[in-house]
């Protein structure tokens, strides 16, 4: 049985619903498998200016999860367009550029630059990266600040606009609705949740920066819940991210209302995690007699509030 | 070496910092060990009126955590005072009554009743139980609603007032400060975080209620971060809750700024978890040459913002 | 510890625990930490009925190997440790003066009822049993009867004899011939409903052992409730781990 | 797979991997999934230097058994599987024309430098080594030298010979007598700083292999950076997994 794995995300149609999560991926992974098997490629977040990144160590593990405090280091937008883009353009899969900026104006200026750069399929606005200097605050913490950033991005560029939300907000549904209203075409749910680990021998936090972003399997039930809440709040498609390690996890995210999924931390443990998720997803559909991957989307949502396809 | 395990929590001094988390404990545990070894006893949340509880199943497990949607079932405050209290008064350890109510007025009325009931050492106001009918909203989601509940409770009763916060808020520090200002004597950080799990064979949520509260080891890095944020926001003592399975976890919570800890889910896996945590804590202090448990409190906090004892 | 497969889908596990065995009554359960020798297994414990209460101080469990927990238990071998909490819950009632009982069990439900059979035999109570299984190889009649001498009717999905109408006809014949003083069941919602109706019609007392996912197993969390019709006609959520797992046949509600 | 304890705190692990061995250069590392046969071990992979690149297609690692990852690896036995990603990173440089090199290693740092010793010997380059260890039983001179014929000075904490002033005096003597064309180090911040200073004074090129906690091991996450002084004098965060783990001795900064 042939399964139609293609997914429609706003103006884009992807060959399949599997793509990397920003910051956990790079052209380096082409050593492990053919990146053009992915539904899309997503760059690490690019900032307008050079950024040093956070104090060391930047990574710590928990029993079933990962804490990181990378801090979006990078050489800035000019360097990305000049040196990063040519590298990405070697691949045929649609390229999504993740963009982060400290202010609305800088977000808009950078988006305008990207819109003039050939070879970009969509912008993923990372309005959710926990800003550690402000105790984890980010645009995506409140509907108002999120909408302001999204509206400015919408005006600045005509590229498909994906918006990545934060699990650290107290009201994800309101933030999702505000982003939809401000012109987001796709919601990416979600970035890492703030966490902490302490080395009890030294009495110091395990990360140099203190707190960090928590990802991986331990985060999955929370990420799924956020997808489920957003799917009931908006009509635009959702990309599920958080703790997806295998095909069963991807199915769970689709059933919770995601139209596609991103795989992050899993690639650190198994560089071939993404093609494996893709194969497993196809096998699941075959076993269940599902001919279109879209038929899985949102089946677990409460019946009354969803207009989506159900079994 | 003798370790002084006693802790001061507002007006109360407890013999040691280990106590159960509300809803995961009952006099039934006396079959497993002598409950008077605990620093305090904490009842499941009592509501003014009879409550049926949520749909079934009410529990689901993840790789390293637990989802529950119990829904605070119970026979109400009258029944608790008449039948519950005599059972609790068989124990010598201080009794903390967890109280939950749907409105500020009902919270206050119930607290006034408890203040007139002999044998209660403190009230733990559960202003954080995710109210599933309102998409997880609770008093503890916002500083304003939290402060309103706390202020009313403060006026209604002269008992020591502990306030249990929610991890589902977007600004735990602001909620903590609001509770402190409104008269909370101790903060209990934190209740469960909203999560979801789906049975991919049936396409339905694993819990009858859909979403549920997530607890256990997978939740620990988040719970620790909340303790750490609150410890930097307020001067009143904090009780750390979330994912504490063993003594090392308890030490981590103390180092993050908690003065005492509550153990929840761990008791389901090992009914003797609490006395084991207590023994391990004492051994840790002995190995490290720490003579007062209070010397561990907050040692991992950023130096500049804490006035607490550090090594 | 003794560990052995039983047929294709079942497994028995026997541990030496003389103190516990002496305190365990038929129908009670244990909460087992399902971790294999390497420590792998699900996060929560699993409730398991006591299937054998050996005179030699052995405690036996009969598992339907189904998911994470039961498969971890089935990986245990002689010499491995098993962490168990129990005995827990309320067992079956055998009133003085009863001479004959009838047991209706399906699948692994027979594990829960097996110790009742032995206890009845020990008191000289005759046991008439109807066992339902997918196929003859799944029946486990020997695992059920032990040395109790119970008289067994077997019904199967494979030949249609386990269909409710066929079982109803069989039960009516047994009610007429064996005239049980009480009936007991476990393991199937359909059979429970059938037995509840017939027992009411014949005015025979009875009990049913229920299942429910558990958190603590100790009565503390209220995860494991089932709706039960109380004596006053009202319906209340009762804890399977504490008020149950054995409930009055007429008070239990179908699930 | 071959697995054996080395002394009290070390362990060697050798796997048959001819394709990988053929592509591996001294100083490179592999990212190992540290799961024992039962699947227990830490969440993240651990970077491990290649310690042996066997002619017979074997790849060897030498572990200092310290925490979750290394102890899970030390539990592996013949017949078990090991998931490895690599070879990764930049190896050591041996420039044509060099005749003599000096190696300064401490603890398990010698694992990283051992294949360099073998490679040097194969090119007819003489190796003078100073190995530092807690005590004679921790030295592992044989594990370091293999069949390379390296000349080894051993210094120990137990007799004070490993103190920086003593090591400095020893190094100055060796610089004078052995006149190395290049120097290499790994395993100690103090010894790195000492060698950096002396090599600058004697104007000898050198390299150091650095460590850092890793996320992906593939250059994607920027978890593993170290500050490195670039040719233009500026300091930039470089990835140990990609630009390293081997860096120019003068460009690396103390940690």
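Per-chain numbering from 1; labels A, B, C and D assigned in written order.
By definition in this document, a contact is a pair of C-beta atoms (placed from the backbone, for glycine too) under 8 Å apart; a residue touches a chain by one contact, two chains touch by 3 or more.
This structure is a prediction, so every number in the text was calculated from the model and none was measured.
J.: I need the common contact partners of chain B and chain C, sorted by label.
T.: Of all the chains present, none is in contact with both chain B and chain C.
J.: What is the set of chains touching both chain A and chain C?
T.: Correct list: B, D.
J.: Farthest chain from chain C, going by mean C-alpha coordinates, please.
T.: Taking each chain's C-alpha mean as its centre, the farthest from chain C is D.
J.: Distance from the CA centroid of chain B to that of chain D, rounded to the nearest Å?
T.: Averaging C-alpha atoms per chain gives centres 48 Å apart.
J.: As a quick test, compute the distance in whole Å between the mean CA positions of chain C and chain D.
T.: 61
J.: Hey, how far is the Cα centre of chain A from the one of chain D, in Å?
T.: 37
J.: Using Cα averages as centroids, what's the distance between chain A and chain B in whole Å?
T.: Centre separation, chain A to chain B: 33 Å.
J.: Quick check on chain A: which residues sit in contact with 2+ other chains?
T.: Those would be 62-65.
J.: Listing for chain D: what residues touch at least two other chains?
T.: In chain D, no residue touches two or more other chains.
J.: Considering only which chains touch which, how would you classify the arrangement: line, ring, star, complete or other?
T.: ring
J.: Under the stated touch criterion, can you name all the chain pairs that qualify?
T.: A-B, A-D, B-C, C-D
J.: Chain A touches which residues of chain B in the complex?
T.: So the residues of chain B in touch with chain A come to 62-65, 67, 135, 141-142, 168-171, 173, 193-198, 200, 203-205, 210-211, 214, 217-222, 224-225, 228-229, 248, 251-252, 255-256, 284, 296, 299-300, 302, 311.
J.: Can you name the residues of chain C that touch chain D in the complex?
T.: 36-40
J.: Going by the contact rule at the top, pick out the chain B residues touching chain C in the complex.
T.: Spelled out, the residues of chain B in touch with chain C are 23-26, 28-29, 31-32, 44, 52-53, 56-66, 68, 70, 73, 216, 267-271.
J.: What part of chain C is in contact with chain B in the complex they form?
T.: 33, 42-45, 83, 85, 212-226, 237, 242
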